Each structure stands twice: as C-alpha cells, then as structure tokens.
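For reference, the structure I am asking about is given below.
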C-alpha cells in the first residue's frame, strides 16, 4: 500500500478573485512518486492551483495536506521548506547573476546563515559554500546544461531559461515538484529532452505535477491526469481514459465527437 | 603621515562603512536612509558618554552598534518587506525627526553643538581594522544564500518566496546589519571629528551617500570603496575654484553614471571578467 | 512589374546584438493576400527578424520594403500606421489597464470604426468580452495571449506578423487561432507567421521559409515542404 | 475661533503648495513612471525667471509666458535623460530617482552660486497682491485663493485627462509598457515629449502661483518642499492624484495647527511623525498606489 | 625688532563659505578681507611685504573644512575662518592641536569661547552684550508692555533670544510666549497668527534675514501698523532682509554693530566701494569683521616683529595669538575697541529705525 500513499491531498479547494471563481471545490490526490499531469483550457485555473498550493495566494476555502500535514494558509516560504518546489509560467531569473548563481539561489533554506557562521564557524563556511556549488553543478549536469554554468542569464534564450528554472527548483531536493508549462515554446527535440528530464526526476523519488498544453508530452509521461475547466475538475484518470473522455475532447482538444 | 591624509583616510573609511550600510539593504531594493538617523543618534550618544560619563571607547563602540541594531529592528518590524519608496520616506523623515530632537535638546548642546569629545588619538587604525572586519562580513553575506536570495528578491518577490526566502526576515536582517554598521560609523565619526552639530547630519549627506553607492556601483561591494575615496578626494584633487563646484560635480556624476553605466563603475560582469580570463561565450 | 505583387520584401537583412549575430543576410518576400510561415528551432532568429521589420530592433545591414516603400529606418509608429502589425511572443500587454483599455489602445492608428472592430474581436475571442473590465495583468497566460492578438487586430493592418501565437495555448485554442488566422487571410490580410509548431504552420500557410541559426535554410510551397523528408525529420518529429 | 479659522485658511494655503507640487510629481509618475525629485527645483527656477522678467518688464502676460516657458524648457531638457533610463523593457524607477536627485543637486547649487549672489529673490507687492477678504485676523489673499483653486483645478483636469481621454491613455500606456506602446503604434518620443510639456506647463503655473503666494524664492526653497512632496505622494499612494490632493491639504493644515497650537520648531516633527506612522502602518499609502 | 622679514608675501588663508546655502555671506566676507589687503598693499604692505588673502572654500561641509584646515597646520602663520558654525566646530580643534590661531570673527561668543585661547570672540559675551540694546529699544517705547519674540532654532540664536528677553524684562516689558520659527518655513502666516493671538505691543525677531522680512510682510498684511515696535536682531540685518522686505521694512527698528552713516572717511569709502560692487546694496552687518581681522593681523605682525620664518613658526603663531587677544585701542573701521583675553570690550551696539529706506540712528549701548 506504500505505493498508493498520497503526498499531496487537496480537499474542496476554492479560490475566487472578486466575483471570479478560479477554482471551484477541487479535490485532488497526488500519489507519491508519480508524474501527475494537469491540463485544461486557458484560464481553467491551473496556475492558480499552483499558486494556492505553493502558498502565494491564500485559498478562499478548502484544505491542503502535504505529507499528511496541513499546509493551508502557511506562508509560502514555509511550504517551500517543507519540500514543495515550483517553476513559473514566465518565471524570472536574475539577469545579472550567472546561471550557476541562479541555480545556487534555489538552495536557500538549507544553507548556513552567513552572519552566524561568520562569527561562530568561520572555517566551515567556505566548505558549505563549496558544497552548494558542487550540487548546483551536478544539477546543471543532470538537466544537461552544465556548459552554461558561467553564462549570464540575461543572454539565455527562452528555452534555456526554462531549463535553468527547473534546475533552480530542483536543487533544494524537494519531495514535490510543480512545473508550470515547462515545454512551452519548445521544439520537438527540446520537448523530448524535457520529457526525459521529468522522468529522471521521478526516478529520483520526486513526485512531479506538470501543467502543459503539449498533448504530445502529457499523455506520454503522466501516470495520471487531471483536467480542469473553468475552475472545475471535469475529469481524472489514466492518460488513456482521459484521451477518450468526451468532455475533455470537447472542452480541451476541441474535437467534436 | 600628514594631517590631511589622516582626515582624508578617516572620512573615506567612514564613508565606505556608510556606503556599505546603504548597499546591503539595496540588495533587496530598499534605499535605507535610516542609516543617517542611526549615525546621528550613536554619534551623539558616543560623544556624550565619552565626555560626560567618561566611558571607554570600546564600550561605547559596542553599545553604538547594538543601538543601531535595536533601532533597525524596531523599524524593520514594520518596513522589513516594504517597497523601496516607503523605506525611503521612513528614512528621510527619521533623519529629520532625529535632527529636530537634537536641536531642541539642550543637554546635547542643542543647535549650538557638542564640543571637546575625548577619545583615542589615532582613529585611523581603529577605523581601518573595523573596516576590514565589516568588509569581510559584507563579502560573506554577498557570497552566501542571503546575497543570492537578495538578488532574486530584487527581481521578483514571488519567485523568491517559492525558493523559501522569508522576504520580511531577509529585509529585516539587512536593515539591522546596515544600521549596526551605521551605528558604528556614527561612533567613529564622533571620535574622529571630536565635535558634533545637528548640521553634520543633513540631507546633503544622504545625497553624498547616494553618490557613493551609485557612482561606484550597487551590484558589488567594491564600488563603494572606489567611489568613497574618489569622491572624497575630488575637492582635494582639484584647484579650489573648481572644487567649489563639487555639489554640481557630484550631481553631474550621478546623472552621467546613470546614463552611461547604470550599474555603476564596478559591475558584477566586470569583476567576473577579471576573475575568469578565458572566453566565456559558449556557442552551441 | 514583379515588385507590385510584393507587400513586404526583405533584402539582405542582418541583425546583431553586440557580438551575437542573430540574423544573417536574410531575403524574404510576401505577396498580397499570402499566408507565409517562418519556421525554425529555438534561437533561429525568427523573433529578431519580426521585430526588426517593425523597426524595434534596428537592422544592421540590408533593407525592408513595405508596399514598395523603404521602411528600414522608419520609426515604429510610422510603420504601424502604414498597415503593419506585430503580435509579439510572450504576453506583451498593458498589465495594469483593463482589457477594454488595452483594446482601445490597439486602435491608436485606426479610431474610425472602433465599435465595429471591437465587436469583431469579441467574436473571435469571446473570453475577452466576459473579461473586458478585468485588469489585464490578472488574466491567465492564454487569455493574455488572446488579448495581445486582439489588440493587434484592432488597428486593421494590411500585413499581420505573428510570433508564436500558440505559445501556452490549449490545443483547442491553438486550433481556433489557426482558424482565425486562415479566416483573416481569406478576408485579404497577408500574414507572416513565425512558429515552432511546424505542422500547424505548414498546414495553414501557402508558402514557408525555414530558418536555421540566423539564415534561411530552405523555402518553398508549404504543400511541398510538408512532404520533404528533411523537414519531417527536423521539425515534424519523424514520420 | 477667529484664530482657528485663520489658521485653517493659512493651512489650506500651505497645503495648496504641496498639492500643486505633488500633482506635478504624480503626473510624472503616471505619464512616464519617473520619480522626478527635481520637480520642485524646476518650479523654483521658473520662479526666479518670473522675478527676473518682472524686474525687466512689468507686463504680467510676459511674466507668465516666461515662467511657463522656462519650466517647459527644463522639463523637456530632462526628457532625454529619462528617456535614456527607460529602455524598451521598461523604466528603472529607482534610477530615475537617483538621476533626478543629481539634477536637483545641480540646479540648487547653480542657483546658490550664481543667481543674485545666492540671495533670495522677492516679488514686488503689486505682483503678490493684497488681501481680497479681511475680517480681523481672518484674511484671504489673492495668492492663497488662486493657489488653492489652482491645485484643485489641476487635479481635476489631470485626472480627467489621464483617465477619461485617449491622450491620457496613451501617456499611461507608455509609462506602463513601452514595448507594447510601440507595437500599437504610439509615437513614443513625440507622445512622451508632449507629456513632459504638460508637466512643464503645470510647473510654470505652479511657479506663478507660488510667487504670488510665497512672495519670494530662494535656492533652497526647492529642497525644503521636495521632501514633503515625496512624503505626501507616498503617504497618499504613489501616482494617486486625488489622494495627493487630500493629503497635501491635510499636511498643510496639520503643519499650521502644529505651529499655531504647539511649537514651530516641532511642527515639522509632528507633520513627519504623522506621515511616518501612516507609512509604517500602511506602506502602500492611504489611498493606494496607482502606478 | 631687528629681525628681517623672511617671506616675500604674507599669505593669510581664509576658510570661507563661498558655495552652498550661505554662500552670499561668504561672498561679502571675502570681499571685505580682500579690500583690506588691497588697502594695506597699496600703503606699502606689512613690514614692507604685501599681504595676500587666500580664499579657501569649505561650503558648510565639515569634512571639507577639516581637510582644508589640516592642510594649513604645517605652514600657516594664522588662519581666518572657518565661517559656518558647523565648520568651526569641526575644524578649529585641528588648529588648536597644532597650535594655530584661528580668527573665527563672524560667529558669536558661544563658539569662540570653546577654543580659547586659540581663537578670539569678535563679540562680547552674549548675556552681557544684548540686554542693554533691547532695553534701550524698550525705553524708546514706554507704552510697549508686552512683546512676542520669534526665534529660529539655529546655531547660537536661542541664547541670543534669551539675552534679548532679559533686556526687555529688565525694562519692564512682559515677554509673551515665544514663537518658534522652523528653519525650513516657507509660509509665515501660521507663525504670525500665533503671535498676534497673544495681542502683543511689540515684536522681536530673532531669525534669519529672509524669514524676518517675510514675517514683517505678513504682520503688515494682518494690520500691524506701529512698525517701530518691531525689532530685528543683528544677524538678520543682512542683504536678504532688504531684498525680501522692500518697502514693508519702512519704520521698523533694527540693531546691529555697524553704523552706516558713521561720519568717517575710511568707512564711507568702504561703504561706497561695497555698494558699487553689490548693485547698490548697503554693507551687511557682518561685512566689516574680516576687514578688521586683516588689519588686526597686520598690526600683530608689525608690533610683535613676526618674520614669517618657517623655523620659528610655532613661536610666531603664539606671538600673534597673544597680541590679538589683548590688543588695546584697536582701530576698527567702525569704532575703536580693546580685547581682554579674547573678548572685546568697549564695542558698541547700535539701534536704528528705518526711515525713507535709510537707517536712522536711535540709540547705542556699550
């Protein structure tokens, strides 16, 4: 039964902006060590779902449990510390830092406090920094962009930025990784590479939730898919089930019967 | 060493400290002018404690630093994560309030000022050893998780939060460290000058500190050093009829730098290109 | 007499960002009423090319003619008012203004039949009508993309440059967007579409240019290219 | 009661100075996303111009024209500097603060160096004008009335211009997103020069109203009011025109009352302390940021 | 004094403020120091060698003043200035440490006394100097029973205000509650209202010149008619008072240390030259101080046999110091006075009323 354990449980989640209900009574269970696809038309509430789970927006109603602990209304940094990492749809990197430093910045909560270490453990500090650097380099290698390490992020193109974002989210060794459209703007080859990366992340024991509009990607890598439409969960199941679901076909793929 | 060099180095050192005090919170995008208020408060405290109570320098110095930290802590509870211009106005108004309080406080000399502060005779050694220590600390902060997190906060707060950065706490840390440095600088200033007047801590000092930070470059800690010495030296380098236009020169420098090198004279990319000689453009 | 057919002609255009040569000696032409696609991998230089047509990036070398006039060095507003419009990649919108205000601004060069245009846009993108008083920055990614398109269409351009409209859109909407583009083309607008989604682009367009590291690697009728094995291999994911 | 009413009137007059300045300052934020810290200095320089032209000729029309045109020229001169700061990606608002601080330093130092030996300049009494209403200590002068009306009218006009006309929408569009503004075909440079021109006109008229209200100008007048202008704008909410009107007048009244019923040397502290508390409790300003 | 002069020129550094907010004051101080030097040189110099005033700008910037003073400690025989109070506080200790005498002859007693004997006060002790003159004013107006004083909180003005009050009270005038003038005030109506609410018979103005003028204008607007019952204190008797106040000043009382109409050719020549170089503006109250300073230094050099020999620098600095601190019968451009341990005695204060734009002498206090 180990397999079936849910790492993230969302119960009756609601989020409204003024009069607009972006999420309506959503229940989702994310199984541990699986890749969970999240799809839906534009404005369905996928990014909002991420924002609420990661603590950027407080939910209007409902509860969120992560590793059986309630995280509803916790501050975002606290949630991150508990092991949820995410990327952004149009995530910003720091332009005047190198790629390496950008990735290193993802390892915030497990690095030493510089002032404390300055006064009390001056000798250790250098080593700790070195460790962070090593793991950042490993992460870049894992993603397959290790030769970017010393480039300035302002020089990167869109696709490369997406990859750096993933590396930055991954370096804090999260238990749950939420990717918001990781392959948007990518060509076929790049998408395939990202697909491969996501699989390898899963194999490391990290649960992944992916939002994407790329219908080549989602069904192929997801173990399970949830479909949102106008803030409602309209379908959930294995990729095969989803691809046959008429509601999904109509609302999302635009194929009429 | 001649007297001129002594004072030049002394002031430049104090301004480097103050420049760093301004630099640190600007890492998270806050222009913290509270440092000038802290400097004024601790300078007066230091002067008074030395002359009236005869406290030893080292005790005064430590209390001064703690003083700065305490003031910053109280304020940062409210403005730890405030936007830039809120912090600006909090700083400006505090400078003004502190100045007025001193002006009306007869025990501190009021508007006349405070004279004859006793203290160590060679301040230079003290200033520069503290400068070295603070420099190390700032360097370490820069090259730590805080420095990197600050860069992220500067660009996008939402991203920073999801990296696990507690923005308010980070801002508070920076403000506290910055005001502690300013508190230290205030004490050093009082003992270097040996008298105090409310006129010493004014709006023009803020302008000067801005000049130091932005002409030197706000993305690294080194720019402050360069420009503190350079700007402090301008009036000494030029003949007096040119030097008398120094406010115009400072203003023009600010404008020119913002136009031509928005990140200041010393930028991260520049440091990097010194550090790594080999070509870094990796073409695929 | 050839020239008369051209709505846009690009001769030997080069663009550089400092040391990086983004576009090298590109030649390209679009005829009246034509739907031309520009495909190519990431960083091939498609966006740079489109931006320089509008005069946002200054061309290093070469020249651009629109309706027979040299527009290479003209300011962007003149170019837009002469009937060119760019729908840029990403979400370039006025994010603190309302949706309606965004659309009103789109009509800067063409205030004449505003109401009618607006109705047409709302027909294409019904979501925008529902959201017309929402602040644009709070729209979802896809909605912003639609707003950006709608805004560009408000100026009733003669030639529409579209940069990766499918970015971040649901498959259904992507289909819709391509339908809209085809429809616009049928109404007589010429279209230049830069797209990664080579399949869709080739299906919709008449002619196609393939860009590779800043150069035009191949060009021809879309129906021909779609069967080209090299293209299939590189851009359509094998078979 | 008489004193109270008289203080209230003088507070409103003082407040109208802040209102006029804050409106110009907010306008720069709204049309260009620029913190124009040197704006008060521009106003003071055009006050100097009015004074100089007043000495040369007594013609009111010429004086007004001269004052307004110098303010326009200065405003336009600063445009290329700020244009350089704003790239297609957007404006670096902090950079604009720093650059304008530099400009303010330059203008102030030149005034104290070179103009009239650095002495304050005073306007002749017939320019300043006398009281138009008087009952005991309650008096209203021409300058007071005009300045207050000027401030309110300026806020109304610019609010209407920015939020209810196409032109205003174009201004805001440029401030908001230059790239998008470019794409929809707004002539960026022309429009933004036009917006600086409008700010210049307001600056010029403010200068004339101040010359009637204050009756003199000094090199450091700009610095005295710059801080309060910034504070009012932040307390009200950056870019909030109506908020600026309310807070500007309130600040004037608080100051006058603090002087009248407490102490002049503490009046600034009281005014600043009130603002400090407001800012600490509501960092976004009382009426909300509008940029 | 058989020893010969060892320099080809007496170089007297003058730390002055010719930039920044009080640059206008610095300008005329430089002017009068230079005028004195020109006169002396035209008459053959000091001990046969010309004197040169080296103007050094400090602004109101303490760092600058300290650095400039530090530059002088090795070479200067005597230094004039610094001028702004903040610069005096910062820079004079350096001179004191080096044993260099500094003539801070523009500021009040409060600053000079802190550095005795290394400087001297140009004015008698505030508490002794000021009460007689305000009392004299009160005596001219026996019907004046109550006075409100406007006080700007700046440098040594608060103690001066206290001294004013002492004099007035000694003449039987009741001081109503004082009105504080903010340093950055731009509108004066609230202040004036506060004063008038107390219904005073007279007004005493202890604030800077521009502000004094604006307050007077505002008083007139509020219906004040008896102008001679407005007394402006000496530091406000500066050009800005007249440029700002204009016709509204007609009839007011003013006290200061120079008598414009003094019947003395040397003074009248000074006055004419000053007006010529300053668009017809009359010499300000402080304008004569550095003129006198230069002459006092000249006398000191001549009467103590200073040679300017660098080897004897320390010794000669002390000679100058001791001479100036106790000079007797010094002929200032306005009056002749003595110094006793750095404090002048026999220096008078004059009370005027402005009639038809001219200052008319009313009373004097010694």
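A, B, C, D and E are the chain letters, set down in written order, and residue numbers restart from 1 in every chain.
Going forward, a contact is a pair of C-beta atoms (placed from the backbone, for glycine too) under 8 Å apart; a residue touches a chain by one contact, two chains touch by 3 or more.
This one's a predicted model, so the numbers in the text were calculated from it and none came from an experiment.
Chains touching both chain C and chain D: none.
Traced through touching neighbours, the fewest hops from chain A to chain E number 2.
Chain C and chain E have CA centres that are 76 Å apart.
Centroids built from CA atoms put chain B at 40 Å from chain A.
Centroid to centroid, with C-alpha atoms defining each point, chain A and chain D lie 48 Å apart.
Per-chain Cα centroids separate chain D from chain E by 37 Å.
Counting partner chains per residue, chain A shows two or more touched chains at no residue at all. Residues of chain D in contact with two or more other chains: 109, 113, 265-266, 268. Counting only pairs that meet the touch rule, the chains in contact are A-B, A-C, B-D, B-E, C-D, D-E. Interface residues of chain E facing chain B in the complex, by the touch rule stated above, are 18-20, 55-57, 59-64, 66-67, 70-71, 73-74, 84-86, 89-90, 93-94, 98, 110-111, 114, 153-159. Residues 88, 166, 169-170, 172-173, 176-177, 179-190, 291 of chain D touch chain C in their complex. Against chain E, in their complex, chain D makes its touches with residues 3, 6-7, 10-11, 13-14, 17, 109, 112-113, 116-122, 124-125, 130-131, 134, 137, 139, 141, 213-216, 218-221, 224-225, 255-256, 259-260, 263-268.
Interface residues of chain B, counted against chain D in their complex, comprise 29, 31, 75, 78-79, 82-86, 88-90, 92-94, 96-97, 100-101, 103-104, 203, 207, 210-211, 214, 244-245, 247-248, 250-255, 258-259, 262. Considering their complex, residues 2-4, 6-8, 11, 103-104, 110-113, 115-116, 193-197, 199-200, 204, 232, 235-236, 240, 243-247 of chain B touch chain E.
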